[in-house]
Structures are given as C-alpha cells and as structure tokens.
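Down below is the structure, laid out as structure tokens.
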Amino acid sequence: MEDKIKLLETFENQYPDRDYNIIHTAPEFTSLCPKTGQPDFAVITIEYVPDKLCIELKSLKLYLNAYRNDGIFYESVTNKILDDLVTVCKPRYMMITAEFNVRGGISSIIEAEYENPEFFGRENFN
Amino acid sequence: MEDKIKLLETFENQYPDRDYNIIHTAPEFTSLCPKTGQPDFAVITIEYVPDKLCIELKSLKLYLNAYRNDGIFYESVTNKILDDLVTVCKPRYMMITAEFNVRGGISSIIEAEYENPEFFGRENFN
Amino acid sequence: MEDKIKLLETFENQYPDRDYNIIHTAPEFTSLCPKTGQPDFAVITIEYVPDKLCIELKSLKLYLNAYRNDGIFYESVTNKILDDLVTVCKPRYMMITAEFNVRGGISSIIEAEYENPEFFGRENFN
Amino acid sequence: MEDKIKLLETFENQYPDRDYNIIHTAPEFTSLCPKTGQPDFAVITIEYVPDKLCIELKSLKLYLNAYRNDGIFYESVTNKILDDLVTVCKPRYMMITAEFNVRGGISSIIEAEYENPEFFGRENFN
Amino acid sequence: MEDKIKLLETFENQYPDRDYNIIHTAPEFTSLCPKTGQPDFAVITIEYVPDKLCIELKSLKLYLNAYRNDGIFYESVTNKILDDLVTVCKPRYMMITAEFNVRGGISSIIEAEYENPEFFGRENFN
Amino acid sequence: MEDKIKLLETFENQYPDRDYNIIHTAPEFTSLCPKTGQPDFAVITIEYVPDKLCIELKSLKLYLNAYRNDGIFYESVTNKILDDLVTVCKPRYMMITAEFNVRGGISSIIEAEYENPEFFGRENFN
Amino acid sequence: MEDKIKLLETFENQYPDRDYNIIHTAPEFTSLCPKTGQPDFAVITIEYVPDKLCIELKSLKLYLNAYRNDGIFYESVTNKILDDLVTVCKPRYMMITAEFNVRGGISSIIEAEYENPEFFGRENFN
Amino acid sequence: MEDKIKLLETFENQYPDRDYNIIHTAPEFTSLCPKTGQPDFAVITIEYVPDKLCIELKSLKLYLNAYRNDGIFYESVTNKILDDLVTVCKPRYMMITAEFNVRGGISSIIEAEYENPEFFGRENFN
Amino acid sequence: MEDKIKLLETFENQYPDRDYNIIHTAPEFTSLCPKTGQPDFAVITIEYVPDKLCIELKSLKLYLNAYRNDGIFYESVTNKILDDLVTVCKPRYMMITAEFNVRGGISSIIEAEYENPEFFGRENFN
Amino acid sequence: MEDKIKLLETFENQYPDRDYNIIHTAPEFTSLCPKTGQPDFAVITIEYVPDKLCIELKSLKLYLNAYRNDGIFYESVTNKILDDLVTVCKPRYMMITAEFNVRGGISSIIEAEYENPEFFGRENFN
C-alpha cells in the first residue's frame, strides 16, 4: 500500500505567474472497509492551485484505482491522498473532499486542506 | 433516556496535526412527540473538526437509533445530541443540524454549534 | 401484531357509481428488521378504486405507525398491508408499493396488487 | 356552497371537428377540512376534450377560489368539481386530478374521470 | 394575420420510405391576449412524421415569431399552427403541444393532433 | 386584524446559554390582495436565534392561518409578521422571508430582519 | 423609447425605519435585437432596499412589457432599467440581473447595481 | 468466476398465491474491463415476480460484490446475472438492467429479461 | 464521408437465443451545418436488439467522431447512422434518437427506427 | 493557432462609469486532446467587468469555434482564452471557468482570473 505514490506523475505548469484553480472530480473511487472487508465507494474531489507542477490526469486515475483492494478508513484515505498529492506536486493550496456512500443509514464526507506556508497570506481564491 | 451517551464510542484521530472536517448525515432519525406520542422524523447532520478523538460510525448509528421511542422536543434533541457528542469526543468545533419533516403544514430546522475555547480564534474552516 | 387491523376505520364512499382513484403516500413508514432488530424505513403508497367504503386517513396513519416496533420482512409487510386494507374496505382494485431505503448498498421496492373478482374485466384506470 | 356552479362560464369551441386536449393546472386551490376547520391545499388539474363548449379561464379561477372557506372532504371536492364542469361544458372526456398536501405525514391524490357516452369508443387521446 | 402561412418553407424528405419522427421545441413563443392586450408566453412543440416534405427550420422560426403582436386565444393559436403546418408539409402524422405560462394562478396546455387518412391504420410510432 | 398576535404562544428556551438557530418554513400561507380581493400565496420562512422564549409551533400555525381572509400588501404582511413575532418572543435575531407566487408574470420575495440591540456585535451565526 | 419611464408608479414605504429587501423576478421579458430585429428573451430580477418609495408591481409589469418591440442591446437594457428604477423610487440599494436565452450557442447574464451614497457604509444586507 | 452462483441464497415466498413484484437496485456494482483491466461501474436493477423462492438480500450483495476483480464484458455480465438468478430462484418473471458509467464519452445500458414458460400468458404486471 | 462505415467493428453476440436490449448514449456528437458551416451538437442514443453481432464500443466512438467536420442535415445524419449500423450489425431491432441543441431558439429531436422483417411480429421489448 | 485572437471584436462600453458584470456561458466548446487526437468538450464561462470595451458576442462564438481542430491541454486553453480576451478588451476584472467532460472516469474544472492593476483594491463585485 505504501508504494502507490510512485504511480503519480506531474507535468510543468505553463502559467506559474498566475494563481489559478484546478478541480478534478473522480466519482468512481472504491476501497475496502478495514473491519468488514466490504467495499466502500466515494466521490473524490481534488481542488488545487498549482505552483511549478500539475498532476497528470491519467496517472491520477491509476493512483486512485490502486486503492481498490486496500482496507482503509474514511479519515485515513482522505488525509493520505492529500499527503501524497502535496508531496508529489507541491501546490500553493490543495483541498480533498471525499463523499462516501451510505453505510448503516449514514453517509459521510471528509474534507482536508493544505496551505503552502510560502504562499501563506495570499488572497483566498474563491 | 439519560444512559444513551454510553452507546457512543470513539477512536484515536490519526491526523491530529491537521484541522479537517468530518460530516455525517443520518436521514433516518426518528423520535416521538412528547405531547402527542406521534412519531417525528428528521435528517441529522453532524459536522465536526476532530481533536484527539473521532466518533465511531456504528456506535453513532446505535446512539441515534436509541431515541426511537423517546418523547423529546425538536430543540431539546438537537442540543442534547450536541452536548453528548461534545462530551464524548471533545472536538475543536461541532455543528448539529436537525431538519424535521412537515407537521401542521410547517417544517422546522434546528442548528446548534460548539466551539472549543482552546481553539478559539482559529481560522474558520469553510 | 395481529390486532393492528382493528385500528383501521372506513367511511362511506359518496360516489360509488363512479370508478375513481385514491392514492395515499406515506413517506414516514418504519419497522424493524426481524433478523438484526435494526430499523427499516420505507415510503408506502396505497392506490385504490373504492367500492362502498373509503379508508379514513387518520386511522390509516395510526395503523401504519403501529408497525414501528414490529420485526417484519419487506415482502411480508407489503403483502400484509394489502391484505388488511382489502379486508377492511373491500375495494374494486388496490395496489401497495413499498420503497425501502438502502441496506448493504441495495434499495428495494415491493409492489403487490389486488383485483376484486366482481369487477374483473373493468377497463384499466390508468 | 351549492351555487358556485353559477360562476362557471363557457365559450364556443372553434374547432369542434377535431378531438383535442385542454389541460388547466391550478396549483393554488385551498379549502377547509370539514372536521377540524384547518385549511387544506391542493393542485387541481383539469384535462378535457371539448365538444361544443370550452371553459372560460377567468371564470374557472373564480369558481375554484369560491371553495376557499368551504369545509369539504378530498373525495367530495374532486368529484364535485368533475360533476360541475361536466354539467357546464358537456365535454367528450374529462379527468380531474387533485393532489393534496401532506397531513399527518401522508399526502393524497384523488383522480376521477368522465367519458361522454355519445363519444364512447373513440380512440384514446394519449 | 392570415398571410403568415406564406412564411413557411419546406424541403424534400430524403428518407420517404421510412416512417420517422421529427420533434421541434420552440420555448420562445409569444403572442397577445385578445381581451387584455397583455402578452402570453408558451412553449410550442411540433412532432410529426414527414411524408414527402420536411419543414425548413429557419422559416418555422420566422413563422412562429410572426404571432408576436397578434391577439389570439390559446385554443385558436394551437389549432391554427396545426392547420398551417399540415397544409404546407402534408405530413403522415402531426401533434402540436402548446404549454402556456401561468395566468391568474392557472397554467394551460393545449394538445391537438392530425392523422393523414392515407396512412390511417399505420403502426403507432411511439 | 390587530388581534391575531394574541394567538401566538411561547415556551421557555431550555438552552439559553447557547446561540442557536431555529428555522420554520410554512409553505401554505395565503392572504387576500387588498386591491382586488383575489387570494395571494406565499412560502413564509422564519429564522431566529431564541433568547429566553421559543415560539410554540401549533400557535404559529394558527397565527399564520389567521391571515387567510385579510386583505394585506406583500411588504406589510412580511414586516408585520416580523414585528409580531419579535414582540412575542424577543429573540436575539430574527429574519422573515416571504416568497409570493407569480402575479402578472412576476414573482416577489420580501426579506426583513431584526437584530436585538442587546446582542448587537455578536458573531454572525451562519 | 424614452418615455416609458412614465409608466412606472410608486407607493409609500410603510416601514422606512427598517432596511429590508424586495426582490421581483420577471421571467417574461422580451425585446428585439437591434442588429437583426429577431426577438430576445430574458429573466429580469430586481432586488432593492426601499427608502421612502416602493415600486408598484402592476406598473412594473407594464414598464417591462413596453420593451417588447424595441431594438436594444443586452448591456443597454440592463443599465437603462437600473437607471429608470433608481430615478423613480430612489432606493437605498438596487441590483438588476438580466439572464438572456441562448443565441449562437451562448447564453448571457448582465448584472448591474446601484448604491445610494447617503446610505453608503450601511451593513450589507445578505 | 464460475463458482459465485454458490453465494446466492433463497428463502421461501410466503405469498405464492399472488403475483407481485420485487425490485432490488444495486448502485455499487463494479467489475473490470477484460481488455484493459480498468474498472467498470454500473447500477444493477433486478426486478422479478417470485414463484416459490425469493432471493436473500445479503447473499445478493455478496454475489454482486464477487465480480469486483473479474474481467467481463457488459453484455456478458448482464446475461450471466440473469441466468444465475433464474437458476437459483426460478421466478415467474425476471428483468436485469445494467446501467454502465461513461467510457470514451459513451454510457451504456443492457436490459435482459426472462419469462417462465409455465406462467407464459399471465397478465403483464406493469 | 462515404467511407466512415468502415470504422465500425462488431463482435459475436454470446446470447443470441435471448432478445435483449443494448442502449448506448453518446452526448458528445458534433457535426457542421451544411448551410452555414457552423457546428451542430447532439446527444445520439442507439437502442438495439442484437441478432448475431454486437457493435464494438470503441469503434462506435470513432465512427461518431468521424462526423466532426462533415456538413450534414439533422434528418440525414440520423437516418444515415441508422442505415450504417443496421448494415454492419444486422440487428433484430434498432432505434436512433438524435437530440440537437438549440438553434434560432428551437431545439430538435429526430427519431428513426428499423425492424428486421425476419423478426417481425416478435413481442415488443418495452 | 496563434492567429485566432484576430477573430475577436469589441464595441464601446456605453456605461463606463459603473462597475457591472457581464457573464457569457458557452456550453458547446470542443477542442482535441494533444496526446490522443480525440475530442474534448467543455462549458466555457466568461465573467468580466468591462472598462472601455465590451466583447462582441458573435465574434466570441467564432473565436471559441476556432479551437475545434486544435490539440491543446485543459490548463493551456483556459489560460490562453483569458490572455486573449484580456488583451483585446482590457477589462477591469475577468474570470474564465472551463468545465471539461469526464475522461477516464474523472471530470475537470479549470478556473483562472485577471485583476486589472489600475482598478486593484476596488470593492469585490459579488
């Protein structure tokens, strides 16, 4: 499970002088519940302001697909995706939203964000 | 009715260094009207920023189900759920929203929030 | 559990010379799973063509509420509601639709209908 | 309450050689519950195939408004509107649908139709 | 008002051996109320099975626009559009649906259809 | 018309130490146009932060129903409901939104709010 | 085209001591394209905080209808409606939103607002 | 892949004297593309009229989950699910609908049905 | 333009003994208007009952993409897609629906279907 | 590809004394993927506050259509449209939003904005 960060690829941001938003929505995320082994399903949204690097879209798909047979908790997978993407593309800002399907009559959303300290204090984008 | 807080369980937050949001939506809440004994129905939404503890999801389901045959007012049940969950998981922030079905042609929403004084002044999450 | 049919009341149909449709939708039905004891939730729709008697609406509410703490399977509750209502109001036609919430990632609908043999062959209403 | 049929006016159908549909939807119908005196609300839909006469729209509005302070049951008001409109405009076909708001957690629809025996057997319009 | 049929143009149907449906939806129809002079608004839908001729789309737009300052009743405009289009393109089948905006709290739909007697008895298209 | 404030009842707020929101939505409000006598329809939303008193829900229903046969302008009824409710329950904050149905092709919304000067400067709730 | 401001009428604001919002939505606006003469269609929304005067609703309808056969650009009509309404009712604040239908595959929205300098600095309403 | 039919369990139909519909909707189906190995996602709907046996819901979930790491074509998986379920519960009628997510800009639905020859000629249920 | 049928590929139907439906929806179809050269956009839906052959999905995408720079009328492209697909996969039944975006304020739908004479008289699938 | 900025035309802003918003939404944008040559599709939204010049709508359509057969990445096309439009009309503020259709199960949005330094510090418009 530790190696899937290697699947992520980046390309050079052609517009580094401008703060701009990139939002990818992946409605087909699935992993396993670490307690029961039953599948979990989520919509993963990745919103970020790139600095020098952008995330390559096909590698992002393969990275997310690689969780398919991992047992992992909601809170952990959301924070780990954030950590992995921040490590790889070093953005100015990033937010991960994971909206999980109903289990036991309850649906859950986990939201985690990262602010690059170098850009701390920049005007909020939205 | 006083004992149902004992149903709630927690687990350790693996990412305590990061402020992040957890949102659980439970559309199957039902209790009884204390005046008429007739059933009430609500969607309960729990949004919080965990500190050291997260709420265990299955125990949350059992806790909410335990109101099924209690007679309790809209305002009381919303504030009591907030108090119980704050007591158990000591979050940095928590908000409870209870959206009750139409009664007498009027639908009602109760919203109550808690801010942990230790984290007072932190940047607002949304 | 056998006695709840006694809660149902009827009133005389004032327009027996005309075949017409009455449709009641009750989105707040809840009972218990007979295996796990956990609550089930459904939208119950009752569509019928009255003959001499109509179902009194408040008694219908009390009848449906009476399943609140009964353990009963999806298929059984749908067919039992149909049998009870047919017994009480002897309609020309009746259809019960029960749409149950997601359990284990799967939602379920049960549909059962009754045609009064005396009126068999009447032109279909819809 | 008996006299409100006098409010209805008609005008001559300019295309009597053609069977065609006229559908009026009135979402602002309100009357009173004959038991409790509390207001009821419904969307009334009138669909008909005119013969020699069409219903004048402004008079229809005044006719429906005239139920505002009448106590009348769901089934009765639907059938009475059908009877009154058939009496006044003698259509080839007419259907009244009355969709009542939630009361006691249950919403209700009443549907009643009329087929003019002279045109019985004509090809169904929809 | 009589001359606007001259605005309609047709082109030859390239697939006359096949019964097929053409549906045009024009949500920007407006005319005037003949009583009050106030504007009426409707969505006009034209569904037809062409025989030897199809309606040219730009000429249809100009034809419908030509009603802009005419005072005309709902029922009349619907039947007249049907008559004009049938005259010009002689279809195997045509249906006009005119959905008028709310006036006096009531919205209205007029539906009129034409079946070419030469093709009478053909299998219904939908 | 002046006496209907007497219909409103209150009960003691059990959680006065906490600022929390109560939102009631009443989609069945109807009054009369003071010029034409024709009925008006609105959805009334009442959002408030209680201080010592909460509005009793059934009395609120009866209070709103009491406008049924009053002739009153949009702007007046919205401001009057705000004044009456503030007088009766003395909230920390209250906002009334009245969304009126289409008249003459135009729909209207009136929004009016009250801030209790004693609580002026409190942190905004939303 | 210059004279249509005379169609607008006002009435006295009965609640001048309170800042409150009035929002009128007129989905039936139509004018002509000044280049092609073809009709344009828009939803016009007028949101304002009245000072001493309110806009009379029927006169607003007649004022908006008066653009029916004028050739005028999107940007011009939006700003002109704002100027005319500000001239007539001298509000504390006003915003006009004009949402035009698709032309050439592109839909357009124009938003223009006015702030009365006398009330400059007042707390924002929304 | 051949053995997953063994996961399916049934229980006795308590109402075999009545033709009634059971509809299960499973929006979390996922398998693999046999060409690319990439995941496919579908909503599977199972509609059937039981004869002597009903499908047990938890076993159905486990059966559908068992396709998670199988490479199988859209058409094959739909027909195979139909064959397996018919083999196990021998229904009077069954229909499988599989709605697959967009691939290459195109979404796909496969629908397959089974009619038990013993019950051939029964009146259609819908 | 004549050669694009060569892009279509098929594969063997594994379930030829069963009549079943395959529905592909392609919302990204674009071609050019033969008069103005401006782009047209449509959602193409292909519904068919396969006989011995199914349409390979990737080849279908390439076939539809090949219209990108062709000038072709709505009616022609719909009928031509039907002819090409029937030629290539010889289905038992096929229906093409092409829903074109608004042009000149009017949207258009073309529907054309094919019934294989060998299977004429088979029970209708829907 | 470099020359398409020449397609853009402007006209003089008639209301330069007022900051106001112009929003154009173009749901029919299509270009090619520079890697695969396959078509991409997006909804492009252009929101700006004009200074001395407005963008002419027909020239905008032709400018956007000119990308039809260009291979260009999501991030590049969004930033280039922003650069070209800023160069041509020198607005006070502009924001481009490009919402791309699903590719590989993931949809993407790119948002880029420009603030004219001369107007820096102006009050935010929304």
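We call the chains A, B, C, D, E, F, G, H, I and J, going by the order they appear; numbering starts again at 1 in every chain.
The criterion applied here is as follows: contacts are C-beta pairs under 8 Å (C-beta built on N, C-alpha and C of every residue); 3 or more make two chains touch, one makes a residue touch a chain.
The shown structure was predicted, so the numbers you read here are calculated from the model rather than taken from an experiment.
By the document's definition of touch, common neighbours of subunit F and subunit J comprise G. Note on connectivity: the fewest chain-to-chain touch steps from subunit G to subunit I number 1.
Fitting subunit B to subunit D on Cα positions gives a rotation angle of 180°, stated in steps of 5. Remark: subunit A and subunit D have CA centroids separated by 56 Å (rounded to whole angstrom).
Here the spacing of subunit A and subunit I, counted between their Cα centres, is 38 Å.
Centroid to centroid, with C-alpha atoms defining each point, subunit B and subunit J lie 44 Å apart. Measuring from the averaged C-alpha position of subunit F to that of subunit G gives a distance of 27 Å. Taken residue by residue, subunit I touches two or more other chains at 27-28, 39, 41, 101, 105, whereas all remaining positions touch fewer. Chain pairs that touch one another, listed by label: A-B, A-C, A-H, A-J, B-C, B-D, B-F, C-D, C-H, D-E, D-F, E-F, E-G, E-I, F-G, G-I, G-J, H-I, H-J, I-J. Taken together, the subunit G residues at the contact with subunit E in this complex read 27-28, 30, 38-39, 41, 65, 68-69, 101.
Interface residues of subunit B, counted against subunit F in their complex, comprise 75-76, 78-79, 103-113. Here subunit E touches subunit F in the complex through residues 39, 41, 101-102, 105, going by the rule given at the top. By the touch rule above, subunit D contacts subunit E in their complex via residues 13-15, 18, 20-28, 50, 54, 57-58, 60-61, 125.
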